[in-house]
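Presented sequentially are two complexes of chain A, the first with chain B as partner and the second with chain C.
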Partner chain A sequence: MDAISTIFKEIWKTLRLIAMNKMGLLGFIMIIFFILMSFVGPYVVAPDLQAHVKEINQGPSVKHPLGTDFQGKDNLVQIVHGGRDILTIAFLAGLMTTFIAVLVGSFSAFFGGMVDTVLMEITNFWITIPKFPILVIVASTAKLTNLWLLALLLAMLSWGGFARQVRSQILSLKKREYVEAAQLLNLGPLHIIFREMLPNMMPFIATSLIFAMTSAIYSQTSLVFLGLVPFSGSNWGIMLSSAFAKGALYQKDAIWSVIAPVGAIALFQLSLVWFSRSLEEVFNPRLRSGV
Partner chain B sequence: MTSPLLELNHVSRTFMVKKQQIKAVDDVSFSLGTGEVLCLVGESGCGKTTTGKIIAGLLSPSSGKIFFKGNDISTLSKDQHNAYRLGVQMIHQDPYASLNPTQTIFEILATPLRYHKLVKTDKECRDRVLSLLELVDLTPPDDFVEKYPHQLSGGQRQRVSIARSLTVNPSFLVADEAVSMVDVSIRISLLRTLSHLKDELGLSVLFITHDLALAKYFAWDGRIGVMYLGRMVELSPAPFLVDHPQHPYTQVLLSAIPEADPDITRKKQSLQLRSMDVPSLLRLPSGCSFHPRCPRFAGQLCQEQIPSLTSFYDGSAVACHLVMDDRKKDVIKA
Partner chain C sequence: MTAGEVTQPKPQGFRIQDLPGKIWSNYVLRRIVRALVIIWLITTIIFFVIRLMPGNAFDLMVADMVVNRNMTEDEAKIRASSLLRINFNRPIGEQYLEYMSNLAKGDLGYSFINNNRTVQELLAQKLPWTLFSVGTSLMISFTLGMLLGMIAAYKRGSWLDHLITNFAAAMDAIPQYIYAIVLVLLLGVIWKIMPVMDMKGVLSPGIKPGFTFEFIWDALMHLRVPAFVYVLSTVGNWALSMKSSTLSTLGEDYVTVARARGLSDSRIITSYVGRNASLPLVTALALSVGFALGGSVVIESVFNYPGIGLELSKSLSNRDYPMLQGIFLITTTSVIFTNLIADLIYGWLDPRIRIAGGE
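Presenting the complex of A and B:
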């Protein structure tokens, strides 16, 4: 019981920290909303599988708050059903990108010398490769039906810049006196990197995670849009793709089947960026004092 | 004869700055026994901190040897090197930078204890942390364990930093300007804590400071070493150095200490430097590096030959041609 109550206390404390920044709180609520909508929503709202010929390309109405698409399917229902893959991949790819970047960047900076030279040369080489063409080629040759594989591929292509940023942060932290003291106490490189240095750059890491997530969302919707990832079912990218395929650009009435997925993507991105404003409060003990 | 705890043998350290060599520490030798105190004083940039860092193992000397408990530290086995690493601890100058802002005081002190398996149980760990806090006069310790560094004052932080260096039971402390950043009003009590710890735990202390008055207070039963531009110019027992400064640089330093009593200040003879500017380390003067400023400058010999630190029978050691000439009889022949 004790352990559970401390966990609840910690969660409550974190929530109050998040609430200290109004924009951050708004972003947090929106993220929670998107997560609930995408993961719980499909069980509540029945999927719209049938075409309704009489209701093609309608604008918003009480019956269809976000209008209908070229088959007369409700856009809102599709948004609810199409978020799960996007969110999962964004989260997985973001985590993997950050993980690789932190590992490469921190080891490179901490050990210096040959390790630094080799790792940074690889990173530099990696950064200069045009990534989207590679992504397109790999995605079209290998059948990426597995969420994890796609996330890993997105992460493999985007860690370079973050790794360099992490490296520069660690280079500066390495000269701090408390890190020097940890070296004198012989606490070992793993402890020094993960327990002394990384906690001091958590706001930065969390922000990078969020930016990695947003770029993963763009990459995957682009892939889906180009029809290179054969996703079954609905997906914000697929909605966009089929809206364009069915000539949404030339039909004034079809605008809502473009606005709905684009709006969903943009709003989710915006909530992530707003949420990142609260992270400084969560990770910096100096700002915690009020809670 | 037992070997001293720590011995520096002609240690030098050069840094490369834009392909130019900078001699931060040049040919410094001294030794320190268990429980002894040595104060290093000198202007900023004279190599005090570099010397301290070399001793603590944060920098390696460019040339020369360091012996810890009689063993050359460059040839130590892994276990011995570990023992040396933990045996020599350092207290940093800036208490605002030397504590990790993301950890509580408890975490800061418990980490080395746990990492080096100095405590077995959680209970033992907490007890040890509390007793360490008490040792550095942070009482009652329960008030401090759960705090973050930013919730403490500069003096309290410095005490935490001292406690941290004591977690691994060192035998040698390098205190690098350990009290310079704290308020004057707290300085004396911090110094008392330090000297009390030194006596109680039998620590040897290398006390680095730019303030001769502090050195005089702290090292009264130890020795004071005066450094100038990377070289040791005088190394004597503290009372002797304060009462009979021999090197012209030491004499100038001592005459520059402000006195609380204006009468004393007026009566004190003030020595005039020939030049107020400290020469750049990039272009060290030839011969004795102090000669362009020396009030006793005596021509060619000073300009051409670097004086070496010469020991006298009364326990003092001075690097100055003039002093050597005056006291030829007292020189201990190497």
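Presenting the complex of A and C:
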């Protein structure tokens, strides 16, 4: 219980610090907005399932604030309905990536010696291999319709770099007095790693979680765009790839069905980046610029 | 670290059982052995993926041919064997040896869809375009990113730093195809400064490949937009890494000493800070060659650029496993080799790495 209340206190302190940085606050508000829109929005706005032949490829109007697509469906409604899968996968993949990275990195640094050598050889090997071809090949043969599976695949491919960073963080924490004290008290490696070291790495873990989320969005929307992940229903990536397939790119009328999903993906990515950059500043006083 | 800490190896007689240790303690040899081991590992994994995994490529190919080409199972098996260049009737150990010796000879089998064309022949045709586009763009983006990163580090805290850093972070997070789409929209459709045809493919109709000015010019003209996309999507990362690397170099004693000695700023920037700060980026550059080869899937699909990225997505939709295997092998081996070269350059540039035994 004590740990949980400390975590909440930490979160509250963090939020107050984030509010000090305008960009970070903006990013934070935008993230909340996107989450509300994607998870609550679909219950408020009815889905637009029918094609409206008379309203194909319209520009923004009062009735359709973001215009309509090649079937006359409202773009804004599709944006509201198309965020859930993307956000869920990003969050799951980010969480799993961070989990694997923390596990590998902390074990490697904490135990050192042979464990370190083997784990780091594996990590370096894994970093070297170009991931996107693997992702493309696996996604096309395995038919990833399950969100969890796709998230797991994305995580399996991207933990390498983070694991190395976790390792170097733990290596420096290992020399701190409180860790040495815990070791002298014989508290056991699991206790030391998870109760003594990781709480002190929370800032770093939070930022890398967000980075892992941005890269998960990056890869999954690319997969959707290439048509390799068959999602049902609407999804920002599907909106974009179907607009692209209908040649929306070369028709001036259809521009809004490209701008809407592009804007949604880019804005969400930007808000994550702004948020994480201000987190970095919050946690690393050397970077704090007094904005 | 002082020079006094470096211990000289004691001279001793040669013993065969010391050989592994000797190779391990020699920086260059260790890197080379490691690269070879990794390549061997990857080829072996690929072999098992093709041959032994449930739902492996061989079985899928056979099933595909039985269903779609009206072959009997035996015919399909013979055909798949000849395409993949592995004799599937022999024991698994012999198959493995045969596969490895084929690879060593550079024989990657036949493409499934392009009849009677070998995989290596197709790769030799596609790879130069990808190398040309990725290489050119990577150089531009690397140089530009280093410059921006150094500026941001030197002017840290100023509005210029904020501008560069925020932009770089934002640009780094936006997927490549978004740049591609937005650029085509802006340049070709809204502003109409560039004909859309110039953004598709690599050459205008009627232009023959050769060492002519016309050919090179046309190839460059078709590269403009794809290269722009590569640069936009990677420059942010270079700028951010260069900034943090420069920042840590600026705090080094030798920079302070150089300042105290009254050296000119330009001398300090180029030969003291720039040289040392760009060191960690050398490895990153080598890694990014591989990532760019992988990432070319998206850009080449959007721009219909006939490199290995487009070939990869074509082979995927046609289930052309020999081709997929070839593309995967060529990308991984090139990454491993560029990494090896980077490691060697790194060791040469920074003697501490060689002597301290790496890492």
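By definition in this document, the second predicted complex is superposed on the first by the 254 of 291 C-alpha atoms of A that agree within 3 Å, B and C clash if a C-alpha of one lies under 4 Å from a C-alpha of the other, contacts with A are read in each partner's own complex, and residues count from 1 in each chain.
Here is the rule we go by: contacts are C-beta pairs under 8 Å (C-beta built on N, C-alpha and C of every residue); 3 or more make two chains touch, one makes a residue touch a chain.
Everything numeric in this text was worked out from a predicted model, so none of it was measured.
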{"item": "Touching partner for A:K13 - first (chain B), second (chain C), both, neither", "value": "neither"}
{"item": "Contacts of A:H191 with chain B and chain C, given as first, second, both or neither", "value": "first"}
{"item": "First, second, both or neither for A:K22, with chain B first and chain C second", "value": "neither"}
{"item": "Which partner, chain B or chain C, touches more chain A residues", "value": "C"}
{"item": "Touching partner for A:F225 - first (chain B), second (chain C), both, neither", "value": "second"}
{"item": "Which of chain B and chain C A:E180 touches, first, second, both or neither", "value": "first"}
{"item": "Shared chain A surface residues [contacts with chain B and with chain C]", "value": "289"}
{"item": "Complex interface listing, chain B residues touching chain A", "value": "56-58, 82, 85-86, 88-90, 92-94, 97-103, 111-112, 115-116, 148, 150-151, 161, 164-165, 167-168"}
{"item": "Parts of chain A lying in touch with chain B, wherever the complex brings them together", "value": "176-178, 180-188, 191, 195-196, 199-200, 202, 283-286, 289"}
{"item": "Residue ranges of chain A in contact with chain C within the complex", "value": "23, 120, 125, 127-134, 136-137, 140-141, 214, 217-218, 221-222, 225-226, 228, 240, 244, 249-252, 255, 258, 262, 265-266, 269-270, 272-274, 277, 289"}
{"item": "Touching residues on chain C, where the partner in the complex is chain A", "value": "38, 41-42, 55, 60, 157, 162, 165-166, 169-170, 172-178, 181-182, 184-185, 188-190, 196, 287, 290-291, 293-295, 297-298, 301-302, 312-313, 316-317, 324, 327-328, 331-332, 335-336, 339, 359"}
